[in-house]
């Protein structure tokens, strides 16, 4: 898989986690692609922390409106039934547990479900934006990312970068597999048959609990 | 003065305290009468804690609307330029210092500016409603009440009933005079010439600081 | 419309001992027809959270009269003398909370906050048993979040998605209560196709069921 | 209209060293023409409070480029690389706050609260130097209110009384900032006679001046 295929593969698998009527917040980058793979038979309410629910696809020349953007500042549209609100209500929704699933990228995730994705001291200081609130408040936190960074594991025994939140990640989806984070550690529950279990373990610093994982089925 | 005249006299004097563009909240009872004496040459924004600014007079048969009431549950109207909001914004306005003057009745007020007007244990338990927030948050707190209750002083050295708030009252207006509460106690700054200073002092349990008060001028 | 509920099925969503937030201010903004149905159902030992105790014969006063309320949490009960009598007689627990604190506590419950610091009530019996915290040289009371099992709200206009608009002073506690309970049921005066997305006061994600009022 | 201010008189209301809240999210909802005038005026040593650092050449990024900003308080500066560079070089102080906490702190500043307890940031460097308070068995960070001298907001529609409506996603931080500063100046895209009293997003009592944008 090339880079784009990998990203789409991950995004398509994440999209299978949603249930009818879920309120979902998709982070910037890879998670944004998840919107392209939403199932047709259920209703997903995409929330954007800058103040809307009912996030629709990118506008064309006809329905472009500079006053409608997503949390990345990109032009978007509003689906029928959607609505706008201010930042305080937006984060009441997020912090208050009214978001069912948030999908975020990450630099690091560890065995305790902690994650680090907002700062590399001395190098990159974008700020946490809404990410800290999202991972703290959402009922389910899914990390969507490539399994490694230039060959170096991103799924660690313990994060080394400053944390975004402690013990909040429930699931990790990568091109290699799907992992659930539980009390006793990270369980590999699905694997991409393009890789052997051994290859996946080698690409993971954290201990992977492997107990009859099933094959990932993703149609991109 | 009969009872109604007394109440109107007090209300009319209170109304002279307002400045142009003031946001004012009038409590239930005597303070409500203040609305009848607002000066014509300035704009006063009456706030009602159930969720409006721009409180207008009682409706007639034509403009009656069951969905517009004041904090006493009585039908009112909305003046042009007024607007509605919910209880959280209403009390952000009140607690956040955006109300310039609140006018309330009281059972007792004391030398430290504490007041008691929400409960008589064992007898009357109406609850504090918005009064505690109003006296805590408003920039200026005016108590509008009769000077005594069946001859018993209501302006005391120290309140004996459970307090509504500590050290919050700035001014007391009664049928006998106008009193300012300062660091060193209660100053009689205006007096009703129908009473002698001695009579006013006798009707007041608190020490009254009397330093050349002027005569109250009120046209009812 | 997906979320439409027949009033006859309200009974499936209530149970003895539950806590219910009821929107409204002196019955303005209270969906009286739903409260009346709670009287019919006879669900009991309720904890009601409402600005006030209603007015005699109107709104939640009917539930109080009917002996269904174990605890009332409100800011003001003066316009319903029966509430005070039951409280004094020890037949109904009544917890009085300053109105702004009541709104903030419900908001905190809906917004995932662990509490808020308010100056309201400092130096009064309201502070008894509560933590006092000094910030920027001033004392505040730490007030805790308030949540309930069910919210019963009055929506003036509800759209087919469940978005809600409350007209005029019927708004009061309705939108904040919509955020702070496990289940939210809105009594709708009218149902329209779509509310202007800028004017929605309660987004549909908060609304579980809509019961159309027969006018 | 009483509150109308000519943009040429903006200079009378600003001073070196002041703190300014600027509405907007990645410039959406920022009144760029007022920010441009702050660049013209050259007022300096500013503390800016804004969701982000703007976009290169747009919004408050211009004030940053022009060296007028001493301290930036924001949740995210990633889309304006210059902000990060100035921060790393020690030429601009940058205080990063989680977005929801930023909104709540401003709200607390406007609502007279002494602070709020949020779970966001627990176990991260965000909690450093702050009081941790446990309520209902869970740890929260005590976050303090945030206020400023001036708010610069973008109102889509303002009425002759100064009531404001913000359209679509331009709303974001604008209404909450309107409550939390000593002076509030709204840049208006259009001015109409009267906004429907149910749809007002910022009541006129919060608005000191309105500057009409030349479109």
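By letter and in written order, the chains are A, B, C and D; residue numbering begins at 1 in each of them.
Basically, a residue touches a chain if its C-beta (ideal position, glycine included) is under 8 Å from a C-beta of that chain, and two chains touch if they have at least 3 such contacts.
Quantities reported herein were computed from a predicted structural model and do not represent experimental measurements.
Just to note, of B-D and B-C, the chains joined by more C-beta pairs in contact are B-C.
Mean C-alpha position of chain A lies 35 Å from that of chain C. A straight line joining the Cα centres of chain C and chain D is 32 Å long. Chain B and chain C have centres, each the mean of its CA atoms, that are 29 Å apart.
Residue positions of chain A touching 2 or more other chains, listed in rising order: 52, 78, 84-85, 91, 94-95, 136-137.
Residue positions of chain C touching 2 or more other chains: 104, 107, 111-113, 118-119, 167-168, 197-198. Two chains count as a pair here when they touch; such pairs are A-C, A-D, B-C, B-D, C-D. Note for the complex: chain A touches chain D at residues 48-52, 65-69, 71-73, 78, 84-88, 90-91, 94-95, 114, 122, 124-133, 136-137, 162-167. The touching residues of chain C, when paired with chain B in their complex, are 25-28, 51-52, 55, 74-79, 84, 87-88, 94, 96, 98-104, 107, 118-126, 156, 166-176, 201. Residues of chain D that touch chain B in their complex: 107, 110-113, 159-161, 163, 179, 194-195, 197-198, 200, 203-206. By the touch criterion stated above, chain D contacts chain C in their complex at residues 104, 108, 111-119, 131, 133, 135-136, 138, 140, 142, 144-145, 165, 167-168, 197-199.
Residues 23, 45, 52-54, 78, 80-85, 89, 91-98, 136-137 of chain B are the ones touching chain D in the complex.
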